Structures are given as C-alpha cells and as structure tokens.
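Dropping the structures in below, format is structure tokens.
In what follows, chain A forms one complex with chain B and a second complex with chain C.
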Partner chain A sequence: MLSPVPSLPDQARTESPPDLLSVKGLVKHYALPGRWFGRAGVIPAVDDVSFSIGSRETLGLVGESGSGKSTIGRMIMRLIRPTAGNILFDGQDWLASSGEEFRRARRRVQMVFQSPYASLDPRWRIADIVAEPLRTHQSLPAAELRDRVAGLLQAVGLDPSVADRHPHQFSGGQRQRIGIARAIALEPDLLVADEPVSALDVSVQAQILALLQDIKARGRLSMLFISHDLSVVAYLCDRVGVLYRGRLVELAGTRSLFHAPGHPYTRALLAAIPGSGQRCEASAPSSAAVSETGCAYASRCPHAREPCRTIVPALRPSGSGALIACHRVGEI
Partner chain B sequence: MSTPLLQVHDLRVEYASPRGLVRAVAGVSLSLDRNRILGLVGESGCGKSTVGQALLGLIQPPGRIAGGDIRFENRSLVGLPEREMRRLRGNRLSMIFQDPTATLNPVMTIGDQIAELFRWHRPRMRRKEVQTRVTELLERVGIVDADRRSRAYPHELSGGMRQRVVIACALALDPALIVADEPTTALDVTVQAQILDLIRGLQAEHGTAVILVSHDLGVIAETCDDVAVMYAGRIVESGPTAEVLARPRHPYTAGLIASRPSITAPDQVVRPIPGTVPDLANPPVGCPFHPRCVRAVAGCREGIPALSPTREEPRHAVACPLAA
Partner chain C sequence: MADSTLSQIAATAPTESVHNVARNQFLKALRRSPKGLAGLLLIGMILIGAAAAPALAPYDPAQQVLGWRFLPPVWATGGGWDHILGGDNLGRDIFSRIVVGARTSLAVAIIVVALAATIGSLLGAVAGYAGGIVDNLIMRLVDFLLAFPFLLLALMIMAILGPGFWTMVLALSIALWVNYARVVRGEALRIEQMEFVEAARSIGVPGWRIVLGHVLPNVIPSVLVLATLEVALVIIAEAALSFLGLGVQPPTPSWGKMISEGRDFLYDAPWMVLGPGLVILMTSVGINLFGDFLRDFVDPRAER
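Up next, the complex of A and B:
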C-alpha cells in the first residue's frame, strides 16, 4: 500500500524555524466490513500522508467526503491510533508520550468539532462546559475560574450572563462559539477544527469565521482547518493540502493553489465550485473500485497516461513551489 | 401574453406546535413561466421547503394551508381533492428531495421503481415500451450502461448516482414543473456540478420549469434565471438572478452575499450579519429583518414592508422601503 518512492524529499523542507506539528508517512487502515482476510480486506482511509504546520500557521485540509480528512484530525488528537507513520509535536514524539508528560502536552492541542449539537453535553451548564479543561489542567480559586470563564465567553462574542444556561437554549452558531471558548480555554498552541462551520447557516458561518480569524490575530495559535468548502479554506488558511482517497495530491500556499492549481483533481475541485464560472473537467467519479496500483485519480483523470495506472506518483516539489503528486505535472 | 404556468398568490402555511402557531409561509406570491428556472434561496427555517411542499399538495397536519392560492396550468391546487392531486403529482408536477435514500425504495431495483411510475400513471403502456422508456430515462440522466444498472438496488449506487435516479423518476412522466429541494446539498462539489448541469440541460431540452430550493447563493447564481430570496416566511427580494446578485437591494440579500468568502477575492473580509434567524412562532413585529438590519430606522418596527418593484428595473422587486 505504501508508495514505492520516499514520500517527502528532504529538499522540500526549508530552513525556517522548527515546525510545531510534523506528520510523516501517516497511514490508517480500516478493516473492510465482512471480509477479513487478504490484502483486499482493508480500506486505506489515510495513505502515506506527510505535512507540517508552522507556528501561527493555518493549514487547510480539503477533499471530498471519505477522503480521510477527519481520520487525520482524529489521529493528531490521538483519538485513534495510526497504522503507521509518526507525528512530532514541538519536536517530541507525540504518539509515544504518555502519563504526566502527555497530559501536559495534551492541553496544547485542542479540537473544535463539526456538530455544535452533538459535541456539548446537554446536562451541563455553559459555565461548566467552558471551565472543564481549566479544572482538569489548572487548579484555580473559584472566583478566578469564574472570571476566566466570563472572559472566554466574551472573547467568543457571548454575554457572560449565559454562563448558567444549558446548551439546548442556544442556536447552532452560539453553541459553536461555546465549543470554541472551551477549545481556547487553555490557550492551546494548535487547534484542530474539523468542519467547524459546515453545519451552520451562511450568516452565522461568517460570524464564526470572523471569530476564528480574530482569535488567530490575537494569539500565536496554529490551526489545522478541515473543510470540504474551498471558499472557506481560501479565506482562512495560509497553506492548503488537497486529499484524494486518503492521499495528499497537492500541498501549496493558498494563493498559489487557488490561482494556479497544479494537480488535475485540484483543478476539477476548483472548477466545480458553484459561481467559479468554470466547468468541471473531470468525469463522473466512478463507483468502480480504484486500482490497487498507480495514481488513485487515474480512473477519473482526463490526463491519465501509461505510468499513471501502474506507478503511484510521489508528492514532489513542482516549479511553482507547490508539492504535487502527479506524473504529468509540468506537461498539462 | 399567455398566463404563466404557475401563479402563487399570498400563500400562507402554518404549523401548530407546542411553542404556538409557526407561520412558516406568511404571504408568498410568485409566478413562473414554462422553460424557466426559479431559485428559492434563504437560510434554514425560512420556509423554502414548506413552499415546495405546498405546491405539491404535501402539507400534512400539524401543518395546513391557511390562505392564498396556487394556480397551476390554469387550475387552483388549493383545496383540490387528494385523489386529483395524486394524479397531478409525478405526472404534471414532481419533486426531487435532498436525500435520495429517503425517496428510493431500498428493496426494489431502480429499474422497477421507475417502471412502477408508468404502471401506475400509464396503465395501458406495454411492458416492452416501459422497459425502453426506463432505459432511455436512465441514459438521459447520465447513467452509463443503463440496461445493466437498472437491475441495481439503491445501496449499490453512489450518492450522486442515486440522485440521478431520483431525477429520472421525477422526469419519467414529463412533468411541466419540477420542484427540486436542495437536490445537491448532500453531495460532493464535483458531483453537485454534474447534477446542476443535468438540471439545466433538462430545462433547456424539454422546456420543463424548475423551482430550485437552495441555501447556497453560488448554486442559485450558476443555475437559475430568476431568484426569490426568502426570510422568515416571506420573499424579501426577487428578480433576474444576475441583476439581484449584482445589485442586491434588500439589506438581507446584501448581507448574505457579504457573508460568503469569495473564492476569486479571498482577501475580501467577510461581513457577518449579526444575530440569528427569528423563531417563526414568535417573529419580530414590523419588518422581520429589522433586529439584524444595519440600516433599520424606527419605522421598520411598524408595518411589514410589501414586495414592490424597483424604479430602475420593474422585474426586480424588494420588500424594504429604504431600498426601493
């Protein structure tokens, strides 16, 4: 399943300060339901993915549903274990840390979930939901804890008087603000946000985007921002990784990705955005299984040629500075 | 000029709920000609689906049509006996829902489901002809290898493919009007683009009129000739899509546009609309948008503004006295 070529050549790394998060050769296999022997019995949900996030940087992950975005987020949060690969957080082996060391590191990485409905316990008061991470990791006097909670609620645009109420009394957008207040309570270094605005109405989506941007501007926060919505990613992210069937097919600066997409799949994605004024160049996604070998996109790709069906293209630096996994980059 | 295919006049739909009466549609008027695609856009809960269901005669208790009229092909649909409504549905009028799995029967092959429509509405059609029509329909909605695929069950198809089957069902009997309620919301963006192409193609080839319900202005911009923007159960702005999106007059429409980050100008700051959509069991008095409106003046709390044509472009109408 692993690509035969090294996934991220060393010359692709720059001399800049060490990355906050660095993910290398990440793989996650799930057993295919109903079949439990043979190589065909697994879904490569994430297949040899490598990227890094710098301090204060926001990296976007895009791709259609099932492309492995959430699985990557969950592996970074240590909610599930990778099948292979490693994760460095602030230079330390993130997957190996345990006990007190992990507990201390853990507070530096927080998550915001997609569903503002499912992610907040309905029996808890807002004050307790927001205070919980503070209680777990710091022992503050009651008065100070109250002040911190009030400050956090204010920071996400809620009136501190809501502290005594319960989640069901709030709209989707307000709940997402509560989820964000809780996630930033410990002043994390990295926020993993998995589709945080996808369940919200357009006008409320904009409120949350403005809030996230405001939090970014105020602190030294880095963010992994997962979304299927390219406009939102274009707005919030410094760099963007494009996933296709568990593989990273392009990783580039936001401006370069949107102005000069290199990978055929990235181009198809951009062209499909309603209002982009372009038409889709890709053929229908086939329900046929992808071939075990070669480029995962080959069955849909209008540019596929001989090597595409047999050799997995490695993620390589292209002339423009982007990393692209396509045999025909430069020719098309 | 001939009469429009569809004319809705002052439609009102209410739901009885524990919180009180929900006025989901509070006086909607619109008209639609053959061969046109009308977009109905607005945020969740503004009454878009309720309008669509009312057109198809699908409002069930605790909901009821509380007033107004729906004229379709020169007859009134409000108060039509269910038997006659059922004959129209599928035949002259049909609907495409957001979730194809909810529409399709999981234990029937897709070919049989389409054939069923002919057996029901065209009982005299020969088996052989039904079979030919089923294959034709599947081909028309872009399903390759239609003969073989017609023997597949819904779960054997991808989401996009299932939505194509739903569209084939909606088209089967050549309806004059199709109401498509968020037909692409559950689909990935590349599949969405293909389904929208398909819907546009049907209208172009067959002159079918379409009402496309969506919360996504991008989808509307790409697909619809005309657009009606709904807020709190009313149409607050309507007109030719290009005109409305280029020169929005209602502060809500302008706010919706400014809320979306633009892919072509990502540096443009999004400007959120403050607040949230109102509870339709307890809507604000006066203009329903006034609590969130940046331009609101004292007068906005008094009467409910009527949808009136603008001076420059009579087809462009707006329900805001400050904007007309």
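Up next, the complex of A and C:
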C-alpha cells in the first residue's frame, strides 16, 4: 500500500447519496496582535473551504504543513470556532446546536488524534481511557462497562488483559490502537482522523491503516482522513481534497486524482513522491508573503500567467468530474 | 507491532482486585525506596510521639520549678538524665514541652497545608482551565493577597477574626492558598494545551470533569513538592503568631513558640532552641523525603 503510485480500485462515485457532513465556505482567520493595540493583520488559516462527505465515504484532505488541514478537522470537532461559514451534519446546523442537543449529537462525531503519545493521559489506565466516552455519554453498570472495554480492545487488535496498564507501557502503534478504540467506543457516524499514522514507523503505519480500513468495512462509518502523505491517502480514501495555504485547490476521486491530476500543485505533490518517476517542476516554496489577490500558488507555479496573480480562482468542475481551482486548467 | 510484548503483558496481568494491587504496589515501592522508608520512619516517630504525648512526657509541660531554671541538658556539665534536654527560662522541662507541643505544631502544619493546597489547587485549576473572566477574577485576588507579606496578611486576618487555634488555622490557610493557586494555574495552562485534554473535549466530557479527571491529577507532583516545603514554614509562622499572642495561648506549648522564647537566651542557654529546632528539622526532612517518594509513586511513568 505504500508503493509510490498505488493501483486503485475504481472508487469513483456514480450517484451521490445524501451527504452526512457538508461544509460550506469555512473560514478561519487568526489575528496577528499589533505592537501596542489592535491587530497588525490576519492570517487566513482556512479560506473559503467547501466540501461534503457522504454516508460511508472516506474523504482525504492533503496538504503541506500550515495548509489548514488540521484546522478544518478541529473546526468540525468544534474544538475551535470558525470565523465564517457553516457546517451541516446530517442536515442539521452543526455549529448552532448547543447544550444537551449538542452533547447527544457529539457522540456521532469522534476523532483520532495525531500523536499517540500526547493524546492519552499518562496517569490513566487503559481501561479508563477507553471507557471515558462511555462513562461520559452512557451510565452502564461496572460489569457491562468492563465487557464493552474488553470488546473494544479486541476490536482494535489488543488483548483485553492490557486494560490495567498505563499508556507508557505501550509502543506508538499500540497507543494509536487505544486511541482508535476510544474513538469508536460510541459507534460514531463520522470519524475525523487527524494524521493518525504520521507519528508512527512505516511498518506500524500499514497495520494502523489496515485497522482503520477494517473498521470502515465493518460499520457504516464515514471518515475525514487528514494527512500529508499521499500514498496513505490513496490507500484509504474514496475522494481526496488538496489544500494549499488554506484553500482547496482540487477535489477529485482518488483514482482520477492520482492518474490525471488537474491542478499544478497536485501534480507537484505527486511528482514529489519518491520513485514516482516524474520530474518535479515546481519551484521551492518562497518565504515571501502570499499576495492578497490572485492564486496563492501563483508564486510557485510554472504555468502562472496574468490572471493568476490578480484573480482568486474558484473551484470549478473540470471535464473529468474533478473540481479544480485553476485559471489555466484546460490549457496546461 | 510487538505482539510478543502484548502476550507478555497478558501473562503477567494481575488478577487481584484493583485496591489490593494498589496497596501491594505501594508497599513494594516503599520497600525499594530508602528515602521513602527514612521519611516514613521520621514522620512515624514524631506522629507516635505526639499521639502518646501524655504518657511519654515525664513532667507536666506547664509545671514551673525554680531549681530547673536554665538547667543544662544531659550532655552539658550540670545536666542530668531526669531532664534530658534541660529546663527553660521559667523552669519547665523542655523535653516534656517538645513532646506535648508536637500536637499543636503538627496539627496546625498539617491542617493548614492540606486546606491551603486543596483550595489553592482547585481555584488554580479552574482559573487555568476556564481562562477569561474567571481566570482574571481569581488571579487578581491572588495578586491582591500576594501584595502583602505572608505574615502580615495572616496578622491582619487574625486581627479581624480574633485570637485562637482555629482562627489561626484559617488565617494561615487564607494567606497560603495563593501559592498553590499560582503554581497550579501555570501547570493547568500547560496541561490544557495537551492533546489528551483536547481528546476529552472532543468526546464531550464536561469542563468540571476535565479539571477533576485530567488537570488536577497531572498537577499533583508540583503540589506535593510545594506542600512538603511549606510544612516547616507553617510551623514557624504559627510560632510568630503565637509569640505575638494571637495563636495558641500560653501555657500551651508549641515548637515555634519555644524557639521564639529561647531566642532571648541564645548565648546563655542555647539548648532552649536546640531541642525544638531539631524536631522541626526532623519533621521537615521526613516530610520532604516522604513527599519525594510519594511524587515518584503517583507518577505511573516512573520505574517501579
């Protein structure tokens, strides 16, 4: 699965089922504090991002560090509030729900975190870590809780007898299994996986990806899979969104994205996979500030022409069914 | 992944109940830790001495005999075994006063530190976790209290509340909790940024449960260190307040008061401060050693 250019089953969607999650015009700005008062400016971490995830679908979000992919995941988890835009979950306004209603709805969206080391409280026993969502949302008798925890540990390939241990007694891969057990404890409809394997050894990555694939196959789970690693995304995702500096530059089925990338940035990303046999034509990232107007990628793009520097390209359907934000999509 | 490690863990998994396991682990860890044992021994001796004080003290601590005035201790010329640590300026047996005074000093120290640590940790954790207005309110109160010297603050509170043992405990606790609040708030700010707190929030765990379940357990090491350091401080502060007539009333003995009484006779009768000084040192060393061991023990990452 970690081969440079994977062979893919045809996962392109033919008809669109009702969307489980739909994100529209999501914006997150971070204010730069001024020297004395007020603000010196804003950093657009996420800028006008829209996408949707269907039932049982896995959407991958890729991009380099700072492209806003984790920020999107955290906004969907409501760990941070978006500056603008809205999120619909199962047809409901996800950002407006509060109180008991939100508590009930939150069970349906769970998260797998990036660091298997920092995401488990070092002072808690494994049993308590895995039981935390169950204790929060259901009041189960102790015996049943124990059985549920044992079942969850088995489901992620751990021996239930490890329940009395503490996180430091496990390897990174085992810890990530514990994190996954906790995330699926409430049988969520949507799993947000924020770089779940990037902190792991390559051999362990494969096992965790297989586990996620297995969990997906067993249930009716949808997944938002955030990663900077294209080969990992290719293995797991039905569709892939490519982010560059907070903007979605391409959104396409995995197969079509890998075989016919439309956006110059996507091409550069694919060419950057070692052993892909392609020549990387993009220049190195410039440290210069991105111009307020125009395509954010223009300064690195070998195909940039006049409109690229002045007009922000919108995400438009291309001939192949992919959505691409590039002025020169037909020409290059 | 290392499946052999897993089966090893499975093979050694304990079958007893959790409480038994915890107790056995505690005793095992204690046996392996010289400093934990030494600390427990010192504290145990002093606590047993305080508990058995009436039986252990050879004389009534308030009894004044003219002939015992400035009586030297057993190791100095003129001293004798019937007054091991000698007599004080009013002709009272110093050993008896130390044994009986242990009750006052230890009670004040333990109650005040426990009270201050509990209140300070809770408020500090809430301030750090909640942030915003709550944080500002609590920390500005802390700043206000910290602006006064610790003893002066305790004095001011006692001037309002009146003298006595319990008002002294209250005054010292009010003056001391701010230290814990500051330390715990800082730690809480650090812990709040950690991914496991975010993980709990993403699950939907309510804020108060995150504070009690994740933030407080992770600040315990810092609180323990601070608490063990402050026991000796409280013993001395009790002395100062009692010296000014605000704490325990004479003739009830306490270690700190004995030291402040002996200060005037430091050149003529140094043994008046030597005895109580040594027991304060013993107590504080014992508590420090044991606190150190306890901090290692409550950290599951430490090697057992």
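One rule holds for everything that comes next: the second predicted complex is superposed on the first by the 309 of 332 C-alpha atoms of A that agree within 3 Å, B and C clash if a C-alpha of one lies under 4 Å from a C-alpha of the other, contacts with A are read in each partner's own complex, and residues count from 1 in each chain.
Here is the rule we go by: a contact is a pair of C-beta atoms (placed from the backbone, for glycine too) under 8 Å apart; a residue touches a chain by one contact, two chains touch by 3 or more.
Predicted, not measured: the structure shown is a model, and the values here were computed from it.
Chemist: Quick one: classify A:S161 as touching chain B (first), chain C (second), both or neither.
Modeler: In the superposition, A:S161 touches chain C alone.
Chemist: Looking at A:Y235, would you say it contacts chain B, chain C, both, or neither? Reply first, second, both or neither.
Modeler: Touch status of A:Y235: first partner only.
Chemist: Using the touch definition from the top, say if A:M77 reaches chain B (first), chain C (second), both or neither.
Modeler: In the superposition, A:M77 touches chain C alone.
Chemist: Touch test for A:P141: chain B only (first), chain C only (second), both, or neither?
Modeler: Once the two structures are laid over each other on A, A:P141 reaches no partner at all.
Chemist: Should A:T254 be classified as contacting the first partner (chain B), the second (chain C), both, or neither?
Modeler: A:T254 sits against chain B, while chain C stays out of touch.
Chemist: Quick one: is A:A272 in contact with chain B, with chain C, with both, or with neither? Answer first, second, both or neither.
Modeler: After superposing on A, A:A272 lies in contact with chain B but is clear of chain C.
Chemist: After the superposition on A, what does A:G99 contact: first (chain B), second (chain C), both or neither?
Modeler: A:G99: touches no partner chain.
Chemist: Is A:G319 contacted by the first partner chain B, the second partner chain C, both or neither?
Modeler: Touch status of A:G319: no partner.
Chemist: For A:A206 in the superposed arrangement: first (chain B), second (chain C), both or neither?
Modeler: first
Chemist: Which positions of chain A sit in both the chain B and the chain C interface?
Modeler: 171, 173-174, 204, 207
Chemist: Contact residues on chain B for chain A in the complex?
Modeler: It comes out as residues 43-44, 142, 157-158, 160-161, 188-194, 196-197, 215-219, 221-223, 255-256, 258-264, 266, 269-274, 276-277.
Chemist: Please give the residue numbers of chain A that touch chain C in the complex, ascending.
Modeler: Spelled out, the residues of chain A in touch with chain C are 77, 79, 103, 106-107, 110-111, 113-115, 118-123, 132-133, 136-137, 158-159, 161-162, 164-166, 168-169, 171, 173-174, 177, 179, 182, 186, 204, 207.
Chemist: Can you check the complex and tell me which residues of chain A touch chain B?
Modeler: Interface residues on the chain A side: 64-65, 171, 173-174, 201-207, 209-210, 228, 230-232, 234-236, 254, 258, 268-276, 279-280, 282, 284-285, 287.
Chemist: Show me the residue ranges of chain C that touch chain A in the complex, using the header's touch definition.
Modeler: Where chain C meets chain A, its residues are 1-2, 5-7, 9-10, 13-14, 18, 21, 194-196, 198-206, 209, 214, 217-218, 298-301.
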